[in-house]
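There are two complexes below, and they share chain A, which is joined by chain B in the first and by chain C in the second.
Moving on, here comes the complex of A and B:
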């Protein structure tokens, strides 16, 4: 366990700062931050799987959607209380995660990414066809029970969820499990050669990722109160998650969180100048350049800058 | 029955044309170019702009679309693929981001609304009860002509043989005096042209809208995965398997399920036979 006191101090400062935030900013900004929190959860989920092990998932909305649809259907169509439906949603998502795990036994690298993309498209089409009376078909569902009222409560809920998931994943990734997962990303054969069971390790990564995605998806749908297949199983949504994770810095926890906030606010501040899809042009361009020339993300850039400043002050 | 046969043949021809450019890059450059779908989008929109807004002759529109496709392919190869130096996962992520950027660029230029392409050749012919528009017929004939000439190019010309050599063994080809970089450049150019022309036909088959690149990309991916590392003949066979499956499901089961079989096929083949149905073949 490679934890220093300043790691914990930084987490504490981050959490305290975020708790005081609602007193400082407007309701509108708070709603933006709520979205950033959920995006951060999804990015963390993506990163635990893809950032570490190198099994790039292009179908993360498949997992998120499983969680979101399960709890939405259970609460809206069967009147199940959320205390039961959300854990059920997480369970279903983890089952979905093990489905996604099957191809990872056989293929890796670029093929794996494609099969996850196929999973997402399959889900998109099945949701509209199978039992549209339950899923709401193409139009999706609305009027799903919301957990909180008002921006402030929604903010605290989403931030609490994001911070606790982020912190838990951060602790977990500091253990030998995290190290082993990163090692798989570097060289899977070598990890197997050193006597570790890579199948079990990969399964753990998939389960963790599915757990976070399911929980995030379930709470997200109870925040939005509605769900629509085209918005969810969309390649632009995949793009947003991946870009948030790699922009901030893959295979860190703070990176995806930072990336999600950066991305959401960039989008929000571009809105007055470029309404609509044109914003993707700007931030996609930024993301592409950054990914190609600084694949470790903004997290790494900041660290370099920090150590440069430290180095200067010493000399 | 005859209708299924004809419909399947027409659809499969289009699918083969869509997939072949993607297969070409995958078998020679060993990278999956997820921006491939964007070539189709760019091709469709260039054709729309030059022939329908500027009013150039249709054949000139197709030619310009192909040229723009070549330029796009070369730019992506020079700026993205070479910079990332063959890291296949990084290329995949970068080209996916690029595709979304290009889509946003198209929205910027042409707006979000979908456009209808006028048929390349108007008119309908009835073949034993099945209505076949000349437009689709032209697309199919053109696909076959393009595929056959591509096959001859790869088999007969010096450049084509060099491409085969690089796809078999890049180091070996380099030792025998072939410049792999040049071969790759040519391949990316050809792939861009194929994608753009396929885009013109695909857009006139469905419609022109900024998100149109996703479904042909998935078809191309399906063909590559199901067929294994691509030969042109293999691409043709798998395109027909997928095309016919879709037509049969549409008419016999339910139209909404047409995409589902393709997805199930991709997942099934990848889990059961990761090398594809035909495995490694010559180009």
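Moving on, here comes the complex of A and C:
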């Protein structure tokens, strides 16, 4: 494992800084940060799967939705306590993740992206048709139990969840498992040619990704207290997750966290000027700039800056 | 005694085309066998079938007496057979050492996560194939073709094979690099490694092998010592396009 003391120091500094944050900023800003925390969780989930293995998912809301709907239905319709409904939601999402995994055995590249997109669309259609008495149909659900009151508590919960998931995934991806998953992204044949069972590795990536997405989706729905299927199963939401991950720097875990915060605040400050579809221009613009100048994302820019400073102080 | 590698009556049909037509041969432990033939003769297809990347239409493949003909590629490699490719396929965004690390990995998720990385072994493998110490942290894009071939050999060795299949190891190399790789293979042979080698560079191939088989249009046309096979009329004719 390649972990140095300053890695842990940076994590500690980040966590301490975030603990003091609510005293420094307004409630409104705090709510924006809460959204950023959840977006970061979803971007981490996407990163573990797509950032690493190159199997680009356009259907992450399918996984997030499985987690969110499972716990929402269990708590609201059946009065199940959240202590049980949230683990159940995570479990259901992981089963769903394996379902999503099946096409990955056969197709990759843009076809895989299309299949995952179809999964998301399929789920959007299904929640409207199958048992709308449970799912709330087109209108979704509201009045779902919330876990916290007020922005400050909501912030701490979302941050705690994001930081622990982020740290755990970061540690895990620092091991040889992370190396092997990256290797799949670079050359799957050669990984098989090294005597490794790539199916098992990919399944592990899907399960991890689904675990994070399911947990994030479940907590998010208990923060919002409602589900709106049109906003959840929306290509816009997919783009937000993917752009956050690659903007920050795919396959780094830290990058997607950065990216989620950066993108959330960018969109928040630009909101007055962007009433609707213009945000697509932002996504397109960012993607184009990244592709042309910095395919490795902000994480890489910061790393270069750091090593430049180090280099200067040495000379 | 059972042969280390035994290929029997191998047939591969792609639709109407028979790419491998009833090919049989054996490789004994410590032996080195050349597989020669003109372009398109079906040499690489035979490699791919031995490795399980392409499934044979019929015929059997035994490794140390065990039938590996139906196993997936990764399992065959775990049983002790591995190959290099005509075009080296390194992991482009990893260092030389990380590339070798993938070859050394155990096929167990828990061991991958909790096991220790054997940095000494990675380094020893890299140096044993003749990579320079200052190259170990370079990325593959910074390496010459010769060094890429060495890296590929190191990654193949990392899986701890008892038989190595080398596909066009000399392609794209300079004269000096050919000499280096040739020396490397000969020293591995002295240590008892078993080889099956495909190469168009017959001059470079000759000192590396004990025996040869010649393939033309998917069929075995000759077998024997390297010299016998090279003098065989059918082989000469096939190379001349007869």
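The working rule: the second predicted complex is superposed on the first by the 297 of 315 C-alpha atoms of A that agree within 3 Å, B and C clash if a C-alpha of one lies under 4 Å from a C-alpha of the other, contacts with A are read in each partner's own complex, and residues count from 1 in each chain.
One rule holds for everything that comes next: contacts are C-beta pairs under 8 Å (C-beta built on N, C-alpha and C of every residue); 3 or more make two chains touch, one makes a residue touch a chain.
What you see is a predicted model; the values in this text were computed from it and never measured.
*Asks:* Check whether A:121 is in contact with chain B, with chain C, with both or with neither, and answer first, second, both or neither.
*Replies:* In the superposed model, A:121 contacts chain B only, not chain C.
*Asks:* With the two complexes superposed on chain A, say which partner A:111 touches: chain B (first), chain C (second), both, or neither.
*Replies:* So A:111 only meets chain B here.
*Asks:* Figure out whether A:281 sits in contact with chain B (first) or chain C (second), or with both, or with neither.
*Replies:* first
*Asks:* Applying the touch criterion given at the start, work out whether A:231 contacts chain B, chain C, both or neither, answering first, second, both or neither.
*Replies:* neither
*Asks:* For A:8, using the defined touch cut-off, is the partner it touches chain B, chain C, both, or neither? Pick first, second, both or neither.
*Replies:* After superposing on A, A:8 lies clear of both chain B and chain C.
*Asks:* With both complexes superposed on chain A, which partner does A:295 reach: first (chain B), second (chain C), both or neither?
*Replies:* A:295 sits against chain B, while chain C stays out of touch.
*Asks:* When the two structures are overlaid on chain A, which partner does A:246 contact: first (chain B), second (chain C), both, or neither?
*Replies:* It touches chain B, and chain C stays clear.
*Asks:* Going by the contact rule at the top, pick out the chain A residues touching chain C in the complex.
*Replies:* 1, 172, 175-177, 179-180, 182-183, 186-187, 189-198, 200-201, 204
*Asks:* Mind listing the chain A positions that touch chain B in their complex?
*Replies:* Residues in contact with chain B: 54, 56, 58, 102-103, 106-107, 109-111, 113-115, 117-119, 121-122, 125-126, 128-129, 235-236, 238-239, 242-243, 246, 276-281, 284-285, 287-288, 291-293, 295.
*Asks:* Show which residues of chain C lie in contact with chain A when the two form their complex.
*Replies:* It is residues 51, 53, 72-75, 77-78, 82-83, 85, 89-94, 98, 101-103, 105, 107, 109, 112-115, 117, 155, 158-159 of chain C that touch chain A.
*Asks:* What residues on chain B touch chain A, complex-wise?
*Replies:* 31-32, 80, 83-84, 88-90, 92-94, 96-98, 100-101, 103-105, 107-108, 112, 210, 214, 218, 221-222, 225, 254, 256-257, 259-260, 263-264, 266-267, 270-271, 274
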